[in-house]
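Following this line, the structures themselves.
Shared between the two complexes below is chain A, which pairs with chain B and chain C, respectively.
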Partner chain A sequence: MLNISLQKTWKEFGLDVSFEIPRGKVTALFGPSGAGKSSILRIISGLETADGGIILHGREVWFDDKQKIHLPPQRRSIGFVFQDFALFPHLTVERNVAYGIKEKRRLNELKDLISLVGLSGYERYYPAQLSGGQKQRVALIRALARKPDLLLLDEPLSALDWETRRQLQEDLKKIIKQFHVTTLYVTHDVTEVYKLADYVVVLESGRVVKQGTPEEVFLGKKLSTRIQIVGKVVSIESDPIMAVVTVLHDDQYFKTLIDTEEVGRLNLKIGNDVVIGAKSSDVILFKVLTQS
Partner chain B sequence: MNFAAPLLLSLKLSLITMISLFIVGIPAAYWLVFSRVRWKFLVESVVALPLVLPPTVLGFYLLMIVGGNSFIGRWYEVAFNKTLAFSFEGLVLGSFIYSLPFAVQPFQTAFAGVDRKLIEASWSLGRSHLYTFFFVILPLSRQGIITGCVLSFAHTLGEFGVVLMIGGNIHGITKVASVAIYDEVQSLNYGIANIYSAILLSFSFIILAAVYFINRRFVRTI
Partner chain C sequence: MANRLCGKIVNVAQGQIHAHVQILWKEIPLSVIITRASCEDMHLSVGDTISVLVKGTDIMLAKSFSGMLSARNRAMGIVRQIIQGDVLSKVFVESQGDMLHAFITNTSLKEMDIREGDEVTAIVKSTELILSKEA
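Presenting the complex of A and B:
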């Protein structure tokens, strides 16, 4: 468990937040750009200092302005994944991943680590020879290789195209699960929050405005639906009474019928992130015949 | 041998100056780039002074500082039983200061050009400032370091004023190639002066061509 309480003032912006990051879970730090998400991440990592507050990692004090404690990043057990990857351009994939490993005997785990992110065979490639998605995988496994207590991800997928992003979301989820690492994930994408996060802290202009599970935060209530699909609205065809809303989830389209009045009430627009839920008690599942 | 002596002395002086500038210039440039002290600009100005000062001014003050009447000069005389002025060691000191900006500035530019994110990534991976310097900053500054070394070498090879002021014209000890040329012209030995000059000219050209070649190749591989 990480307890965080921070204040920092810049010329035209102030940060004043306090929240908790539950152990072993993925917490999303969600908010529009300029809300202070990345600054919080940098302060937690020790790359920047807050004016006041406290950061407790279990019993370990990482930062406390009153006790004048500020551990440098080297002494916080963190893994940081930067938005633009920040891979060392002069080192191969293998040496990038090995960079944070201090115990010599652990170097034989390199092969497994690299294969875990599906990059076997790329050990001797340089970052410039990799695609954006591959770079991000290297950055992720490099951060995890030293087995940090806290994984910090700063909009790790925002520099990638939509298709790569979608695939990496799945992989990210799998890999983070495998390492059981407490994770703080900065994003401004609702879909990513739903996909990856157990807990979400919503930030607006330097303040925490909501926190809870994604459902509690984004829907204001716990849904008791059988099926939930999060996606983006791609079309709204309305007539005076009913409207057909098409939602894209991964590469699947879902159509749903709602009151036209409801479209107006929700101010629903193309591009909005929405949840489609079905309350029916008899959801049917078919096994596809061609699979064994 | 008499003919080659000034050339060999020039080479020796340039080599020693280059090595000392590398050893001192690297930490100095690091400090200039990464330190946050306010008076940094003052140090930067001092380092850059040799770029704008006439060599004679520099030579004059150096002579005052290292001469037999100064504290340093007397200390040196007592410690090593010889004078710093008009000696090879004095030449090294003068060349060191005179070529300082030619080494430090390229180093500085190179260090400052290393992406800040990479340095932070190294810290976040638990690596110290020193480790980060040797394994991230230094390798990524390779081109600037080579440039700084070669330029300080070439600049020392070509210096005249400071060397003459501080070292004088003692054959085999302080008479470097550039001074020898002046000497030969004064004695109307245009033939020998011409040979010295031609050698210095071609040598300097080759060195500069090498620097530009390395830089060009570097730009291409990015």
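Presenting the complex of A and C:
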């Protein structure tokens, strides 16, 4: 468990937050640009110092302004993945990943690590020869190679195209689970929160405004429908009366039929995150044919 | 989901699986069946202000209605506008000062000879209504 309480004031912006990051779980730090998400990551990693507060990693104090403790970044067991990959351009994939491994005896794990992110055969490639998705896989495995206690991901998928992002979300989920590493994931994408996070901390203008499971935070308990599915609008086809809105959730496409006027009222656009609500009495169940 | 009627809860009766929530929408009582789990999650209680959501495709229209019908929710109103599509028509009905809309087939519209100014009854089954508690 990581306990975080931070205050920092810049010229035109103030940060004052308190939250916990549960051990072995993925916590999403969610909010619009300028909410202070990346600043929090930089302070946790030790790249930046807060004016006040405390960062406790179990019993280890990483930062405490009162005790004047500020552990340098290299003494905090952290893996950091940035939006812009931050790979060493002059090093091959293999050497980029090896950079994260401190103990020489663990270098034989390199092959397995690289294969884990589906990059076997690319060991001798340089970052410039890789696609955006491949670069981010290298960055991720380099961060995990040192077996950190905490993995910080700063919008790691936002520089990628939509399809690559979708694939990488799946891979990320699998890999984080495999390493069972406590993760703090910065994003402004609701679907990503749903796909990857166990908990979400919502940030606005440097303050925590909500926290809980994604369901608690985004859906609340406001609607009586038992079926509530969060997804992304991928297409809208309208006639003057009705519109077919296709929503993608976990690789499944849901075609919903709504009033065309509603599309305008909600200002619904492709890429928007939406909740599909349906009464549980409105579904039909079929048993799949292969079962007895 | 464009029909949103604002009312007050006047009774909540919980069964083992379902809950029957009765709502007063201005002068008209509405009957809504939701799951007991939803009722508990939403902490619904008598006196709460609540929105009742009903899809236009779930509303049926009756004209010169008489006889018995099992659907609990009925609201008399006046047809104010009709937009005809290729298969469906959207019929706007004013009831108690609120505007409802129902999607019905063009065949029904023609057979029932529904026109602007007609008096109709909008009818919905209790199991089709959704409750939304606004923040």
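Throughout what follows, the second predicted complex is superposed on the first by the 233 of 292 C-alpha atoms of A that agree within 3 Å, B and C clash if a C-alpha of one lies under 4 Å from a C-alpha of the other, contacts with A are read in each partner's own complex, and residues count from 1 in each chain.
As a convention for this text, a contact is a pair of C-beta atoms (placed from the backbone, for glycine too) under 8 Å apart; a residue touches a chain by one contact, two chains touch by 3 or more.
Please read these numbers as outputs of a predicted model, since none were measured by experiment.
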Kindly classify A:Lys279 by the partners it touches after superposition: chain B alone (first), chain C alone (second), both, or neither? second
With both complexes overlaid on chain A, does A:Asp161 touch chain B (first), chain C (second), both or neither? neither
In the superposed arrangement, which partner chain does A:Tyr99 touch: chain B (first), chain C (second), both, or neither? first
Contact-wise, after the overlay, does A:Ile258 reach chain B, chain C, both or neither (first, second, both, neither)? second
Counting only touches as set out at the top, which of chain B and chain C does A:Asp198 meet: first, second, both, neither? neither
Just to be sure I read the superposition right, which of the two partners does A:Glu237 touch: chain B = first, chain C = second, or both, or neither? neither
Based on the superposed arrangement, let me know which partner A:His90 touches: chain B (first), chain C (second), both, or neither? first
Contact residues of chain A, present in both the chain B and the chain C interface: none
Touching chain A in the complex, chain C uses residues 1-2, 32-35, 37-39, 41-43, 56-57, 83, 85-86, 88-90, 101, 103, 127-128, 130-135
Within their complex, state which residues of chain B touch chain A. 115, 117-118, 120-128, 135-136, 139-140
Which residues of chain A touch chain B once you look at their complex with the stated criterion? 45-47, 72-74, 78-80, 82, 84, 86-90, 99-100, 102, 142-143, 146
Given the complex with chain C, which residues does chain A contribute to the contact? 220-226, 239-242, 257-259, 261-262, 265, 277, 279-281
